[in-house]
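Note that chain A is present in both complexes that follow, paired respectively with chain B and with chain C.
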Partner chain A sequence: MAEDRFPPGTRVRTFHHDPPHHTRLPRYARGKRGVVVEPEGPAELADVSAQGRADAPVEQIYAVRFAARDLWGEGDHHVVLDLWESYLEEDPADER
Partner chain B sequence: MARINDVGGTQGFGPIDTTDDAEPFHADWEARVVGLFNALRGQGVFNTNEFRDAIESMEPREYLSTSYYERWFLAICALLERKGVLKPGELEGLDG
Partner chain C sequence: MSGDHSDAAVARRVRRLETLLEEKGVLSGARLDEIIDASLSGASPANGARVVARAWLDAGFKARLLADGTAAVRELGFMEGSYQRLRVVENTDSVHNVVVCTLCSCYPLRLLGPSPSWYKSEAYRSRVVREPRAVLAEFGLDLPADTEITVWDSSAETRYMVLPARPLGTEDLGEERLAALVTRNALIGTAAV
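Let's look at the complex of A and B:
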């Protein structure tokens, strides 16, 4: 398999829209900034297979770490979510 | 589409009940619903992500007023109608 798009330590941002179908990106983590912990292995994109389609792409899933403060405005702990690659974009440093 | 299942971080639902009575089912029909699910998924009538999508697509009031396995059953019925296995309304009027 090709090299992962987001190596561990990459700063990423999740998509912000509310898709009209099943997704594994919970609402509380949309449009949020996090850091890639590690790749979890590839899997069919649930958003597409949930529509009964046989053409779901296989994407890398990443464990992504978020600061609770970034998700809810408070808290000192972290939350790690397993997220498909297409949920993420690299977070340019100059926008932080 | 805002979905009623996606309430992570939402206040007002009260504490989560984490008691475990070690009973997987609390009525015979619940086990039969799981059997239905396994048989239909095994036959390729629907996949797991379609099933999740069907539960998440429930009307919010119905979602909040039904039990875990009632949601499974309603989702299976909705998928069987969508897939043409059942005719719309075919289950209505059945006793038991």
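Let's look at the complex of A and C:
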């Protein structure tokens, strides 16, 4: 098994896409910065399998923790989301 | 579409399918009810409550439960054959966890039984990720200002269950009486025990 692309503690950023099909990246968490909590195990990418296609790639899913302030501009709580690997990119330190 | 949460069209389609199955003699309504009952049999918040009571009494089990929820609840005979992963999150004096599914209504059915209607409501799903403290207060749960709140939004194949904090004064209680204290809402995180 290959090593996970985003080990726990990795700072990540979600993509800012708005696809015309089903996706499990909720609108409120698009283009947001978070920190990987843990890998959850691989699963078929729901964006593809939900279209009834048999060629959905299997990707690692990560629990990613977001500060409410980064999601909503306010609040002192955190939100954890389960996100497929292709929703994420490493957050470059120089843009933080 | 992730933005469309109306279930009226789906409900109509399901009713039409049921009617067709009966008309064509594929399946009787009674048989269909039996199948639905069987798939839900044993799905009850009593299961989650039993898991919690065991964790309160057995530190080794609690450690295994928090490390690998799926494997730990299988020790008690729950979630066998399920493809889903269970992650149990622990409430303490300083940390409070609450579970939601903002995209639809994902829920640990086998441990909590069928979900309450409020869990599926637009109001709960949209508000608890944004203002959990206010939502929890409406449930009657007023948390101290310095309690750290984490909202777990089940957006993939993991199902979340809350391990509530064990109340004071329960040191003498056995597993069955401890389990009786644990409510469904405490397992979702919208109540304490």
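Observations, loosely collected:
As a working rule, the second predicted complex is superposed on the first by the 96 of 96 C-alpha atoms of A that agree within 3 Å, B and C clash if a C-alpha of one lies under 4 Å from a C-alpha of the other, contacts with A are read in each partner's own complex, and residues count from 1 in each chain.
As a convention for this text, contacts are C-beta pairs under 8 Å (C-beta built on N, C-alpha and C of every residue); 3 or more make two chains touch, one makes a residue touch a chain.
Here the structure is a predicted model, which is why all the values come from computation and not from measurement.
Superposition of the two structures on chain A leads chain B and chain C into a clash.
In the overlay built on the shared chain, the residue A:63 is in contact with chain C alone; chain B does not reach it. Of the two partner chains, chain B is the only one that A:52 touches; chain C does not reach it.
In the superposition on chain A, A:22 makes contact with both chain B and chain C. Touch criterion met: A:77 reaches chain C, while chain B stays clear of it. By the touch criterion stated above, A:43 is placed in contact with chain C alone, chain B being left untouched. Shared-chain residue A:4: touches no atom of chain B or chain C. One of chain B and chain C touches more residues of chain A, and that partner is C. Shared contact residues of chain A, touching chain B in one structure and chain C in the other: 22, 26-28, 46, 71-72. Across the complex, chain C meets chain A through its residues 1-3, 85, 87, 102-103, 129-133, 148-158.
Of all residues in chain A, those touching chain B in their complex are 18-22, 26-28, 46, 49-52, 71-72. The touching residues of chain B, counted against chain A in their complex, run 1-2, 6, 8-9, 46-47, 49-50, 52-53, 56.
By the touch criterion stated above, chain A contacts chain C in their complex at residues 22-28, 40-41, 43, 46, 61, 63, 65, 68, 71-72, 75-84.
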